[in-house]
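Down below is the structure, laid out as structure tokens.
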Amino acid sequence: MTDLKVNLGGLAMQNPVTTASGTFGFGLEYAPFVDLRRLGAIVVKGTTLEPREGNATPRMAETPAGMLNAIGLQNPGIDGFIKQHLPALQPLGTPIIVNISGNTLEEYGQLAAMIDACEGISAIEVNISCPNVKQGGIQFGTVPTMAADVTKMVREHTKKPVIVKLSPNVTDITEMAKAVVDVGADAIALINTLLGMAIDTKQRKPQLANIFGGLSGPAVKPVALRMVYQVHRALPAVPILGMGGITTAEDAIEFIMAGATAIAVGTANFVNPKATIDILEGIEAFCLQEGINTLQDLVGAAHSS
Amino acid sequence: MQPILYHATVLEQEELKPAIFRIRFMAPELARLCQPGQFIQVRVNAMVDPLLPRPISIHDFDSEAGTVTLLYHRVGKGTAILAQCQPGEQVMIWGPLGRGWTLPEAQDLPAGDLLPIYVAGGIGVAPLLSLAKAWSKVGKPGILLCGGRCEEQLVALEEFQALGVDVDLATEDGSAGHCGRVTALFDHLPLLGKMPLLYTCGPKGMLKAIHELALQKGWPCQVSLEERMCCGLGACLSCVCKREASQEGKTWTHAKVCTDGPVFWSKEVIWDD
Amino acid sequence: MTDLKVNLGGLAMQNPVTTASGTFGFGLEYAPFVDLRRLGAIVVKGTTLEPREGNATPRMAETPAGMLNAIGLQNPGIDGFIKQHLPALQPLGTPIIVNISGNTLEEYGQLAAMIDACEGISAIEVNISCPNVKQGGIQFGTVPTMAADVTKMVREHTKKPVIVKLSPNVTDITEMAKAVVDVGADAIALINTLLGMAIDTKQRKPQLANIFGGLSGPAVKPVALRMVYQVHRALPAVPILGMGGITTAEDAIEFIMAGATAIAVGTANFVNPKATIDILEGIEAFCLQEGINTLQDLVGAAHSS
Amino acid sequence: MQPILYHATVLEQEELKPAIFRIRFMAPELARLCQPGQFIQVRVNAMVDPLLPRPISIHDFDSEAGTVTLLYHRVGKGTAILAQCQPGEQVMIWGPLGRGWTLPEAQDLPAGDLLPIYVAGGIGVAPLLSLAKAWSKVGKPGILLCGGRCEEQLVALEEFQALGVDVDLATEDGSAGHCGRVTALFDHLPLLGKMPLLYTCGPKGMLKAIHELALQKGWPCQVSLEERMCCGLGACLSCVCKREASQEGKTWTHAKVCTDGPVFWSKEVIWDD
């Protein structure tokens, strides 16, 4: 049996398979299809300081091999998450990673402090890249100094592993990665959604109420993989949580070979509700077939050539 | 009740009217779990285009025969692929999902005086058949008011009639029944002193009109809503609608159509947009 | 019959349908399937000052609803194009747009001057965005001041319409568009390919010899459409040549409604060699059905809501 | 000769050996244009996944019956979709594309002394059948040397035998013919004083080995190359190979496999990578 254990910036995981924030709810939604204890970690829906109702509908549009979403961070607030959802997740024993978004630097600090104080949460994923929230979102994610400020703020308020999730809507992803690693990010999550849109030609207007939305799914995989490769090449010591269109075990292995220590399954959950488990089993099968002893050996393997 | 994932075998596929299909699957465990008004997710192909599964209401289920039946309109590429499935092929489906209609036994109204009225617009008739079966079992088959653009949009009427349901039709072009909107059929309803209980599914405009009528008359009314969906499990928050709320100083919250619905009490829904 | 005539920054076209550079060869390759005289214009493969042999193979990888290419501008040089290919295109009467790439500012100037002197060429498309050529490519396309320098140089050497083709691999596409319009670009072409990659898990190495390649095809459509919409919103008077995943007439109409004056068909030519004509006929049918008198009325129609 | 686009009807589909299929289309205009060694593009589905058409060699064509036949290996999702096509279905194909083999009539060698030898690796046998037909017509059916991993990879041999071609086999596991590489079959070739003319198609390593053998012996040799393709028309420049050149001070240029080939003289090709 291959040793699938990985360490994502201080977070020990039994295997590299996690869930992409916002696609797996608060975890239990997929319990009918997935034995949640088998996952490497569960990353929950993005949370904010206050509860949010999110954007108007339509919030979703299907695109070729992908989809656009503009949910707008609907969530019960970090407090609501901790009270309503976390208790049921606790008994699983699976590490819980909470994805956070703030309107201001201070909010990021507060969120980090609240999570730091909460035993049942294993790590923080800092979303500086959500393209849907008008306030703040875009700037934090696309200006290196601002991304660094957010990271610093979170870092100062927690000792838990800090994973900073970057936006792909930038000219140079390595510059963003360096900026946040320099100020204490333990790991980098790549990628959030690409900004896109779709138009309803009958109605002659954008399909989404929000006009723009985030593109995810298989369509974005080549871009995501390229960014993982670039960041791993620039910062080989920094663990990466890779995601963007991962639908099969082979996709996941491509990300690992590009340099991801762990991977997250997002849109694929919608296509196949047991995608996470199918991917985990597929990784196991691949390793067995290829005679891999420790999965860690595959991380970045596509760089050696 | 936990939904289950199925590679269900197609037993039957029939085009009932132009572009309207009925498909029956063998899916015993699923059939045992179904409740009227719930839906399933159907993955139409193994490739990534189209990517997402299609939500389709459970039209009928038979827990003894182990079958689940859908009634669907071929409107785009997903339903076009589904329409090509032949008996013997397998299709990946999962469900049952969502909360269905409030059934006879769950009504907190005095059952003796109730008159279930099903109001369907076009393919909206789909989730109403199994509901009518439930009412028919308690001896109150009720009335189906069925509307569409033309006669060719009206399907499954015989199934309702076979249950003893009174069927009344309205078409916009007058090709069947009353010429006009389905709402007009309420003008001559034989209520016989009973309390109507409205169940409706169809285009949003129709649902809103029925809701307003129900509100005005003081009749209980349930609506089955549609929204664009991804997960169907309450995880992605794509599919929300505005629902009245009084918690935490809010007047409304976003409810999930897939898990809080698709069936709602019409008066809970905020119809303003 | 709808009036399909459009004017792309001074270039009069009988209809909005053109070909994306690099996907339609030098025009005649598709003659067996396409009546070339029916096209609004033909944009030919990117040319350079000197002939180039391009990159090593594999140069192509298929991805979900898309493809990666790393051709590396193989071409016979501008001179070779003018001598070997242009004469056969002349008799068609269809406007010919030549796509140019330079290693240096001076090369762009020389290319522009040579084209300016060549009667059979109707307009220049300036490729500042090809991600495959190591020298120059990336920088010209992602730094606004450098993009402006290239545009200025081309502008100074030609009176023909100058269409500047932007790279989508930037944080803010409107900033790039403004920079080149300010110094004389007559129109903007959007988008070139998104930088991506794919990995061969069996061989544990990148699928493309060049490691990275440009992603095109339906997968990128939402991103392309968003950029067209953003640029049209920022610069409503500037004509846009929209492209990126256009495969059907409906796709083309989405681009027009987002703000494109003309559209280019790229990867779709590979999928259906008469895609250009099918799209043209589909646009005609749509206009007829919707009672559109002049196609121009649809340009940017999705903005009014 | 201009290629044409076709919605061709499938006449026949057969799995000859595990994962090796033969499909025959009705495509009269296309059949009339075909030359041995050319290929067609096959669009495997109407959706965008997989996106690109698949290039497949013309295995056989019959201009009188109006049919075109392909022989293909199911290796990935595109060929898997093709393998599901049933007789009666239509498939979008276009061709013929590329330059095929140099035929008997076009040889500038004294025809009387020639011995055509076809060397096939696995599915590489596909484009050689129609070539053997052409040689057989001029009374020189020639010899087929066919190699593969195992017996189950060797197909279409009877068709060659029916033309009078001598067939000699080599398999790596020894399950048919000589145990080893196809190159070993050259050791015992009955040349009878004739000049061999090599035609080969198969994995790159095999082509290179045959090329080297031909070079050493001074035999003319043609190879059919494969490269990843998009357009198949010479427009996209995806599919190049290095070819010797002497123009403009260059020692090589990138030739397009789709239009300059897929058949090349082996000595023109630069085999170094």
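As written, the chain order gives the labels A, B, C and D, with residue 1 at the start of each chain.
In the analysis below, a contact is a pair of C-beta atoms (placed from the backbone, for glycine too) under 8 Å apart; a residue touches a chain by one contact, two chains touch by 3 or more.
Listed by chain with UniProt protein names: A, C = Dihydroorotate dehydrogenase; B, D = Dihydroorotate dehydrogenase B (NAD(+)), electron transfer subunit.
Quick caveat: nothing in here was measured; it's all calculated off a predicted structure.
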Minimum number of chain-to-chain touching steps separating chain A (Dihydroorotate dehydrogenase) from chain D: 1
Pair exhibiting more inter-chain C-beta contacts, B-C or C-D: C-D
Most widely separated chain from chain A (Dihydroorotate dehydrogenase), with each centre as the mean of CA atoms: D
Geometric centre distance via CA averages, chain D-chain B, whole Å: 56
Rounded Å distance, chain B centre to chain C (Dihydroorotate dehydrogenase) centre (Cα mean): 47
CA centroid of chain C (Dihydroorotate dehydrogenase) to CA centroid of chain D, Å: 36
Computed distance of Cα centres, chain C (Dihydroorotate dehydrogenase) from chain A (Dihydroorotate dehydrogenase), in Å: 34
Multi-partner residues of chain B (at least 2 other chains): 48-50
Residues of chain A (Dihydroorotate dehydrogenase) engaged with two or more neighbouring chains: 64-66, 217-218, 247
Chain contact topology (line, ring, star, complete or other): complete
Footprint of chain C (Dihydroorotate dehydrogenase) on chain D - complex, ascending: 2-5, 43, 48-53, 92, 94, 227-231, 233-241, 248, 250, 252-254, 259, 273
List of chain D residues in touch with chain B within their complex: 45, 47-50, 77
Residues of chain A (Dihydroorotate dehydrogenase) defined as touching chain D within the complex: 64-65, 218
Complex contact set, residues of chain B against chain C (Dihydroorotate dehydrogenase): 48-49
Chain B-facing residues of chain A (Dihydroorotate dehydrogenase), complex: 22-25, 29-33, 45, 51, 53-54, 56-62, 64-67, 69, 71, 74, 217-218, 247, 267, 269-274
